[in-house]
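Shared between the two complexes below is subunit A, which has subunit B as its partner in the first and subunit C in the second.
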Partner chain A sequence: MSATDIAGSTIAPEPTRSRRLAFLRRPVILASGTVVAAFIVVAALAPAIAPYSPSATDFTAVLAPPSGRHLLGTDDLGRDVLSRLIYGARASQEAGVLATAIALAVAVPVGLVAGFFRGRLDATIARLIDVMLAFPSLVLAVALSAIFGPSLTNATLALGIAAIPGLVRVARGETLVLREQTFVKAAIVSATPTHTILRRHVLPNLASTLIVQATVTIPTAIIGESMLSFLGLGVQAPTPSWGSMLSAAEPYIASAPRLILLPIAAIFAVTLSYNLLGDALRDALDPRLRL
Partner chain B sequence: MALAGWILRRLTSAVIVLFLASLLVFAGVHALPGNAAYALGGVEASPESIRAIEQEYGLGKPLPVQYFRWIENAVQGNLSRSLENRLPVARTIGERLPITLELAGLAVLFALVLGVPAGVVAATSRGSAVDYVGTGVALTALSIPHFALGLLFILLFAVHWHVLPASGYVAFSHDPLGNLQHMLLPALVLGSGLWAVMMRQLRSAMLESLGSDYIRTARAKGLGVLSVVFKHALRNSLITVVTVVGLYLGALISGAVVTEQVFLIPGFGKLMLDSVFARDYPVIEGVVLVSAAGYVAVNMAVDVVYTLIDPRIRASGKT
Partner chain C sequence: MSALLDVRGLSVQFASSHGRVQAVDDVSLTVGAGEIVGLVGESGCGKSVATMSLLRLLPPTATVSGEAWFEGTNLLVQSPRQLRAVRGRKVSFIFQEPMSSLNPLFTIGEQITEVMRKHLGLSRREARRRAVNLLETVRIADPARRLSEYPHQLSGGMCQRAMIAMAIACQPKLLIADEPTTALDVTIQTEVLDLLRDLRDELGMAVILITHNLGVVADIVDRVCVMYAGRKIEEAPVEEIFRASHHPYTRGLIAAVPRLGNRVDRLEEIPGHVPVMHGPASMCSFAPRCPRAADDCVEYRPELEPLERNHTAACFHPYQAPV
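And now, the complex of A and B:
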């Protein structure tokens, strides 16, 4: 906060490239960005990095403590915990990114149209959003998996749908403000086609807000995925996920607490980094907070 | 008279929302692939039991007729019977709901008792160590899922220190102290997210009101710091507290499902989850309908509280 205040007052008002990238140098963004980048790389390269197959059982080494052979030990079926954590990143990654993409794909056009045209259409959309909000995300996920059967895809879909209302509100609110700006009014009176106004004038100005929102939606979806998998409504065995690793480890909470602590540490590190990154990006990109 | 009109408008929209929600639940269960009677009775059901199910649930009738019959019964408090144990769904929900309400009530209480002072202190001593610690703890709480925090608490308080029971439930009427002992950890876990959001939102709302003109006026006319903070700044930030609690209700319902699963509390959330795994469709329908109704009702209550706190909302006549 204070860092941006200083940046805003000392650097020339002309937005040069170095100023635009200055926020990257801030330590919080650097640290959290590194964790997020590492998470993305690990998830993408899981088969190359993981020392073992995540589902390979070794019954001679059940619940083995960390050793040179198994850096983080093994679980109750003798599976390598490190490999399962690495592969578990994939489920989190998929759920986080895809759910956010689904939500953005629906929410942005809807929010744009509602905020720009207002009137009856806007009122109808607001009503629909209320209905969606009446279904807490987990209730929705529970309902979807009751109908279609539990799977990562259905969990991701449910998390994506659950994120739509919040994003619509953000997109709509920003559009309402932008609509009253002189440059949009100028475009309207110069008979620019509406779709061009929305695409060329409104959408680019929404981008920074949407980027920030997306950075906050991803960790929410990651937490949601781990929760659904923990409950048995997400990733199905034997595919590893941080959430399902936790539910499998529950009986061993006293004898092998590391099976509980390691996945929690993974979830925590990734979601905290996304949240910090989102906070820092908002400080850096939101012009209202720079005043 | 403006208020009556406002409440009427609000009620109408609540009914519309509920209607659409019920339609969605009904469509969801009846859009199941295959014959609904088989879905209800299971694939191995005998022809006689299929006919009995069709009879009991009125499945032979057209869908709109079925829907209105279901709603008609639901409004009268009749949610048909569970496929699992044949008990009336409404009665089961009536038994399980109070447990979850106690849990949620305690969670909100924790969030308010811990979150409001934390937000006020963080805002009044902005940039201090207290502010950083508070903000840090809040961000941490937001980054740990409920169930993970629950497992950590069990590990610490039950496995490691043996000070609180790991899981289970005791009725309040049976053993009040035991009930609270069993509820303490789950309520803390469920309240953690709300606490964090409350602290963060209240902090920024307080910062905004502390920087405004009326605060400067209040200070200038010689009012004490405490009076300014509590009677002026906090009062004007209260609307934030109400908004946060209102917005967080959905997450509270989801959180209750997970928390009850972790701590094995036989509440409404556990009923919801168990019914899904048992594919007990009448229970699923009832549970989802009741949670949607509860959500809409509480949201309306939040709106009413709004108008009590801030008369401007009432005056503008907009929701």
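And now, the complex of A and C:
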């Protein structure tokens, strides 16, 4: 072993900011992060980017193939497909992010309290979560949005509720591990108030797991929104959504397959990117792999 | 020497799915101000549970009885609010695993100053100034830089020093050190033990040193309590223990410490395991493993009897000759 090898392996790296953010340069994170960022920007700026109104009909160009006028062609009512895809991103984005936010807002406190205080409350919550997990979450979401009535808001709410049990289980499980850590015991021993222990010692150590879990929950909710809209339980016409575009395109599957393939490609690209980003973030943020 | 901590008849039982478990059985213990007491015994003999129960840090499945007088109050009947004023402020703990005793997401400085700001109401600046002094006290080089480092950047020995710094930040009267050196390598062990002794000399704080290693206590402890299966079975000044321990179990422990220079094929051991007690003992719980056991050992329970001045042992057939 040469002298530089020895030096390289024994000198601890300085924790500079660039090193801490080095994971951002990994190719998978870079690629998936770019797609996700583009998706967010497109959804946010839809009115500025879209060449046409998503509901503007052009009866001179019904089911028109891609052309200079309509880059991705038009649908059966002569609406510009590109514009509808761009506006459809809004519904997906709203459902994905809001549903995850709702789920996190409920699941994190519940999981934290159940995992930290244990006892009868925890046993009750854990059994309840098991019961909820026994239903596939998308089936649960379908049932809930059927009860709430069809609209994007209700679909988002239903998807959020359906995502709660999985997140509670993660938050509770991690809390169970953390509460046995010596630094939590040390905090109890030095009379740190319980809310401070939860806020300073448990929650921050949960954060990386929750961030990863959230990036996996968002694509699930996006698929869920598409599915609910496909079934007519989500976004209502004429507001565009990738799911409702699919169901509207069904009769033209043979004559104009792009009407089916384009929304599917959009759903596929976005959910795959979120999942890859989640996986890569897990690798990057896992404290056990940090050293 | 007046007693800082006076524990009388401490018993701890756990309710488990396999029935009751008697973790601590009628243990009494006094610790004088500025005294270092070694609590020695095998894993599972109740040393940690006994000390944890003093500050009521055990899970709700534990039933604790007895008295624990500390500065004129019985810790075992105090309200949670009163206990919080004792925990960390007057009695503090250090644990076995230094690396996991610090929150990996905060710097050493943040964690040390937090304790002082909370318990002593210090300003951020003042707490930081004291933290630098504390790290100097526990002999961490370049303290100002270390304060802004994270636990993973410190070695195990340094983490344990940082833990000690946190534990003494509020100048407690009593420090309970639960196997503080087990996870450290031998040279670092000595340094940490020396540090504990020096801190006792400088700050006048009492220390309860929990260990399974008699070699560890020999250097720094004033008095030794040997525990077995939840009971205290021998207590004496440390020189007495090594010179003329009476209880066969203590003798076994001393024989089990390997010595340099004695070439042996096999290390000394005590055959068998520590029994799990399901209630207060009705016989000598060491009898099944004891080379001197006789009929009376399984019929009656030996109580602690003074055999010499300051030297008690719970045994019907104690060794009399020096080791």
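As a working rule, the second predicted complex is superposed on the first by the 263 of 291 C-alpha atoms of A that agree within 3 Å, B and C clash if a C-alpha of one lies under 4 Å from a C-alpha of the other, contacts with A are read in each partner's own complex, and residues count from 1 in each chain.
By our rule, contacts are C-beta pairs under 8 Å (C-beta built on N, C-alpha and C of every residue); 3 or more make two chains touch, one makes a residue touch a chain.
Please read these numbers as outputs of a predicted model, since none were measured by experiment.
S.K.: Figure out whether A:His201 sits in contact with subunit B (first) or subunit C (second), or with both, or with neither.
M.R.: The second partner, subunit C, only.
S.K.: With both structures superposed, pick whichever of subunit B and subunit C touches the larger number of subunit A residues.
M.R.: After superposition, B is the partner touching more of subunit A.
S.K.: Once chain A of both complexes is superposed, is A:Ile188 in touch with subunit B (first), subunit C (second), both, or neither?
M.R.: A:Ile188 sits against subunit C, while subunit B stays out of touch.
S.K.: Please work out whether A:Ala61 is in contact with subunit B alone, subunit C alone, both, or neither, and reply first, second, both or neither.
M.R.: neither
S.K.: Mind working out whether A:Ile253 is in touch with subunit B, subunit C, both or neither, as first, second, both or neither?
M.R.: Touch status of A:Ile253: first partner only.
S.K.: Applying the touch criterion given at the start, work out whether A:Ile223 contacts subunit B, subunit C, both or neither, answering first, second, both or neither.
M.R.: A:Ile223: touches subunit B, not subunit C.
S.K.: Quick one: is A:Ile264 in contact with subunit B, with subunit C, with both, or with neither? Answer first, second, both or neither.
M.R.: After superposition on chain A, A:Ile264 lies in contact with subunit B alone.
S.K.: Could you look at A:Ala31 and tell me whether it touches subunit B, subunit C, both or neither (first, second, both, neither)?
M.R.: neither
S.K.: Report for A:Ile49: first if it touches subunit B alone, second if subunit C alone, otherwise both or neither.
M.R.: Touch partners of A:Ile49: none, neither subunit B nor subunit C.
S.K.: On subunit A, what residues does subunit B touch that subunit C touches as well?
M.R.: Shared contact residues on subunit A: none.
S.K.: Write out the stretch or stretches of subunit B touching subunit A in their complex.
M.R.: By the definition above, subunit B touches subunit A via 13, 16-18, 20-21, 24-25, 28-29, 31-32, 127, 139-140, 142-148, 151-152, 154-155, 159, 249-251, 253-254, 257-258, 261, 272-273, 276-277, 279, 281, 284, 288, 291-292, 295-296.
S.K.: Within the complex, which stretch of subunit A touches subunit B?
M.R.: 2, 127-128, 130-131, 133-139, 142-143, 145-147, 219, 223, 226-227, 230-233, 243, 246, 250, 253-254, 257, 260-261, 263-264, 267-268, 271-272, 275-276, 279
S.K.: Which residues of subunit A touch subunit C in their complex?
M.R.: Within the complex, subunit A contacts subunit C at residues 12, 15, 119, 181-183, 185-186, 188-193, 200-201, 204-205, 287, 290-291.
S.K.: Taking the touch rule as given, give the residues of subunit C at its contact with subunit A in the complex, in rising order.
M.R.: Residues of subunit C touching subunit A: 55, 57, 60, 83-89, 92-93, 95-97, 100-106, 114-115, 118-119, 149-150, 152-153, 163, 166.
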